[in-house]
Amino acid sequence: MVKLAEWRGKDVFRKYGVPLPRGRVARSPQEAEALTRDGSVPLPCVVKAQVLAGGRGKGGAVKFANSPAEARSAAEAILGLEFKGERVKELLLEEKLALSKELYVSLTLDRTLRLPVLIVSARGGVEIESVEDAAIDRQPVDPFPGLTGYQKRRAAGALGLSGGAAKSLDRLLEALWKLFNGEDAELVEINPLALVGDGLVALDAKVIIEDDAAFRHPEYAEIRDDRTPLEEVAREKDIAFVQLDGNIGVIANGAGLTMATLDVLQEFGGRPGVFLDLGGTDDPKKVTEAFLLMARAQPQAVFLNIFGGVTRCDTVARGLVEAMRQVPEAERFPLVARIRGNNEAEGVEILRAAGITSIPSLKESAQAVVAAAGGRR
Amino acid sequence: MVKLAEWRGKDVFRKYGVPLPRGRVARSPQEAEALTRDGSVPLPCVVKAQVLAGGRGKGGAVKFANSPAEARSAAEAILGLEFKGERVKELLLEEKLALSKELYVSLTLDRTLRLPVLIVSARGGVEIESVEDAAIDRQPVDPFPGLTGYQKRRAAGALGLSGGAAKSLDRLLEALWKLFNGEDAELVEINPLALVGDGLVALDAKVIIEDDAAFRHPEYAEIRDDRTPLEEVAREKDIAFVQLDGNIGVIANGAGLTMATLDVLQEFGGRPGVFLDLGGTDDPKKVTEAFLLMARAQPQAVFLNIFGGVTRCDTVARGLVEAMRQVPEAERFPLVARIRGNNEAEGVEILRAAGITSIPSLKESAQAVVAAAGGRR
Amino acid sequence: MSVLVSRDTKVVVQGITGHQGTVHARQMKAFGTAVVAGVTPGKAGTTVEETPVFDSVREAVEKTGANASCIFVPAPFAKDALLESVDAGIRLAVIVTEHIPFHDMLVMYHYARGRGARIIGPNCPGIASPTGAKVGIIPNVVFRPGRVGVISRSGTLTYEIVNGIKEHGLGQSTCIGLGGDPVVGTSFVDALPLFEKDPDTDLLVLVGEIGGTAEEDAAEYIHHHFSKPVVAYIAGRSAPEGKRMGHAGAIISRGKGTAKTKVAALEAAGAKVARFPYEIPDLVAGILPAGSRS
Amino acid sequence: MSVLVSRDTKVVVQGITGHQGTVHARQMKAFGTAVVAGVTPGKAGTTVEETPVFDSVREAVEKTGANASCIFVPAPFAKDALLESVDAGIRLAVIVTEHIPFHDMLVMYHYARGRGARIIGPNCPGIASPTGAKVGIIPNVVFRPGRVGVISRSGTLTYEIVNGIKEHGLGQSTCIGLGGDPVVGTSFVDALPLFEKDPDTDLLVLVGEIGGTAEEDAAEYIHHHFSKPVVAYIAGRSAPEGKRMGHAGAIISRGKGTAKTKVAALEAAGAKVARFPYEIPDLVAGILPAGSRS
């Protein structure tokens, strides 16, 4: 999932013709001052931290400026802030518009209906979760034939728009629908969407692009969420890797089994730290790499829980044995293994030959690893 | 139905990225010579009459030229020719390509399936009707999801293309599909589609745009089939008007009833000349205009056959009476009227008051008008 | 009983505030049809001759229980109107509007079909049953209850023929004017099974035209699946061969589409084919069992 | 009898010449499934371990009578592969491929549905019935004929649980791994009626995960329409709350989607909910009528 920062989202909006305030990105107070001084950004303007988290306004990450000097000092105040875990490195400066209404519009997926859904509310400018259902209008949109005229009319009605403003909404919704499909978006959200005169202007932009569609969108390849160095290595090797604050490393295959493993560990008082989903592989090298990665995270004990399907037990056993050979003395960790399923007998035998016992019961193996990590927390 | 001349069709092709030979339009021998002399059209080239009818090659409307002088004399020979009723006013000069195959590709509507159909044949360069069914591959294409990859693969197989040529076909078919939909085409046809090296080039272009979609395509408003002056007047007044070579004018409402009327007239030896379909109207003025138009075509007798639905009998009667008042003495014609259906009694009474008798029987009224026009041919 | 429409049919007229919509809503009511609502965006709360007008079909359906739609909106907006009615749960939509681009109609047809909704038309006179209801614009005066079904690609020619049946002392069960556009929601082949299983229809009159292959397809269907007597008429026997739609069109129709091929196909399927419209009533009367004259 | 697959299932493997395709075609055959054809464009005329390979699904269906497809082709081509199989008349397609963009899956789902075809998956282990056939990749070793149905959003966790049922001396009627992608061809709610009417299933095990509202929807369905006992398990009770998909996602799920809401909904619907996978076999054994153990 590629979440675009506001200014990047607005670049995409621009491509599809969504009306925007005039604005520019600044990465230093000097730049903020210069952009307002030379008229690139009209005054008065708003200075917004480019972070992915919501609630910037309340959090002091949005300020107003009436002069280049004010723009500079606003930039100084915001740049470098740590906002909900993100460091502010970029600002968006935009003209402040005289608006008469703040609305909400989004397109996202309804998994139950298996349809995109258009969500609008006349109560924009606030967190939409806080708005009661009755004030929110949702319409599923069929990919064939796409957003229809009557759906746009209904949205206009729900937003209390008519005349020129309704026409402006028609164009905006058509643009969002094209964007949602053309960019393989999971979410396109405008909050607030401002009514300025009888035209609509997107004051904010939230765009999330689906990762699975990356092959169609090389343009988003460079924009990624922040990752820890280990997470980055894992990503390169196509291993799902998550770091929590516990002390037990978990290597499993498949998201469901990984989650179930964490559930069981927790039941017995274990604290999962790193967990790592091998996915489906029958390459012992990938298994070895997973263990080497795990070793670098320095867990107090490691739980290998594999149910062999595509990933066969003998493959895992071979990869594990090779990893144990490669892990430096200093990084060694206690290991509890449980390998079941396809080629279980071969895998168990390979481990046994290397001095590792596979415990077939999930319950018993989980208890063993909690003990190895130092017992209940 | 707007049939585009080859060069106009190729302009549309260019817009969608269909590969074309380099070429230019010439409207005089001088221009033809200049275009080949300055290299705008590479030599050797082909000089093609821009007429809508097929069979230009056999008909002497296509010539080859190896030099500017030859281009000039080819242009002199073709311009001004009358080809299947069309005067040649424009030429398309195009480079002559070294091709290894001539193929056929088209997209049109299959009314029974209610789907567009992709038709391909490896036997291009000849009239496709003359190719046996077994050598023609047809695939219906669903508007949702559109032309699929596997359909393109099948088309490539039917055309005997692989490798780079198959990739070229993929792009070409995608372009034609977009064109077919984007331009509201009834037909997109390339014959021949040439294989040059391992790329495909459209040597001809036949594009027909649907009239009913004119509201989406103002760009085609000026391109119209040749019409007689009377047909042009009728078109402006939204009256369907066809001129044949008989002597009985027919005014009816609805295509089916008009055709049935012609069938009956012919049965009794009449020769329909102008026929004119009022369509649905309840404006007496339109009826009057239709009659005035009919008068200008100078029929020997006129048969008015109306079944009143949207077009009510009293409306028609009023329009007719007014027309009779306005038609100049010199243009008067014998009239047989038959008005049935909605408001029949009122209509019949209005006609009676003006001295016109409505004959309720289709058979008898048809016989009457044939007699009025001078009897059986 | 009748085909598709009945006394339970409740019609919403889309585009009721336009001239045609108003006139034909009135005519449908005069026929005895329950016209329960009209729709014109922006006109909610008004009435047209006592019929309430709504902004959307959804509201009309929710408030009035409308279950059929008659669409008069101009061609550029007809696609949207149809999609709206289907999404509102309407399962029978008669589209009177003419000049709808066939590319739009392709979308409309497949969308409706995928949701179990039937379109009649576009550019058609609609459907009427003297003992049921009328959705469309066929003149009320041509009807008389009876046991003859009529399906036709024509407009006024249908009225002519239906009226001829009435004047001959016979009556109709249900009459459907399918429209003659390149893409129609209901074709002969789609309509035939409805009449096959309609207990009120003893004989079917099929009115075709030159062009396309709908009549040949109908003949094929009749031959294999239709057990009731059929009287047919094909308009355009004397018409000059029209300009074909390029060579591709010829490939699609491959030696079909003329009056000759249609008449031959229908006769081969056992239909009596009239040469002229006025021959139809006699042919019908000659076949119809004496007990089923009305 | 079993659900969706049987001894009459004839599988075409799309992407059979790839590594996964070859391996799992072999496994399906070892299970006893009739794998009658493979498809890889450009490889027509070859065989993969005696299974004939064709250029297109249409050919495969024409020549071998294949009636189910198992799709292994890479994500960028999966949409095309599915559309091809549906157009060739396949009415059950198991899509093993992972990482298919959900926008593609929307097209695939609605296209298949409109033509009466069922998709299982994508990114799923597929379906298997010990007395019927296997279409997919669930390890053969976990099965034993019996009367417990299993539906699951997970992959390996399904194997774990199905295996646990076997090791407890019980057996399965049919097991379906639905896949956990945002858009799946068959959801719990779609699968439940199949097991309700399957005479070979006495009890259903439902394996869910946190995220989405599929389990809450299933609970609703079970409450109103499902008469057989249900044992459920929800993975992810201990997982930290994942990053939500913006605010719009919250609007859609509105207080659903956590392990707590899922467990509560299922319990309210009468299901026994296991806290851990290894509790499932005991719960099943405690409910299952003694006579229906295998």
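Here are some notes:
The letters A, B, C and D name the chains in turn, as written, and every chain counts its residues from 1.
Just so it is clear, a contact is a pair of C-beta atoms (placed from the backbone, for glycine too) under 8 Å apart; a residue touches a chain by one contact, two chains touch by 3 or more.
Note that the structure is predicted; figures quoted are calculated from it, not measured.
The minimum number of touch steps linking chain B to chain C comes to 1.
Of all chains, B has its CA centroid at the greatest distance from the CA centroid of chain D. Mean C-alpha positions place chain A and chain C at a centre distance of 54 Å. Look at where the CA atoms of chain A average out and do the same for chain D: the two points lie 27 Å apart. Distance from the chain C centre to the chain D centre is 45 Å, each centre being the mean of its Cα atoms. Residue positions of chain D touching 2 or more other chains: 107, 110.
Each of residues 142-145 in chain A touches at least two other chains.
Across the complex, chain A is touched by residues 41, 55-57, 77, 79-81, 83-84, 87, 107, 110-111 of chain C. Across the complex, chain A meets chain D through its residues 1, 54, 106-112, 114-117, 119, 127-129, 133, 136, 138, 142-144, 181, 184, 186-187, 189, 191, 206, 208, 210-213, 215-216, 244, 252-257, 259-260, 262-267, 272, 280, 306-311, 340-342, 344, 361-363.
Chain contact summary for the complex, chain A toward chain C: residues 142, 144-145, 148-150, 153-154, 157. Against chain B, the residues of chain A that register as touching in their complex are 143-145.
In the complex of the two chains, the chain D residues touching chain A come out as 20, 75-76, 99-107, 109-110, 125, 137-139, 141-142, 152-160, 163, 180, 182-183, 187, 207, 209-210, 212-214, 217, 233, 235-240, 245-252, 254, 275-278.
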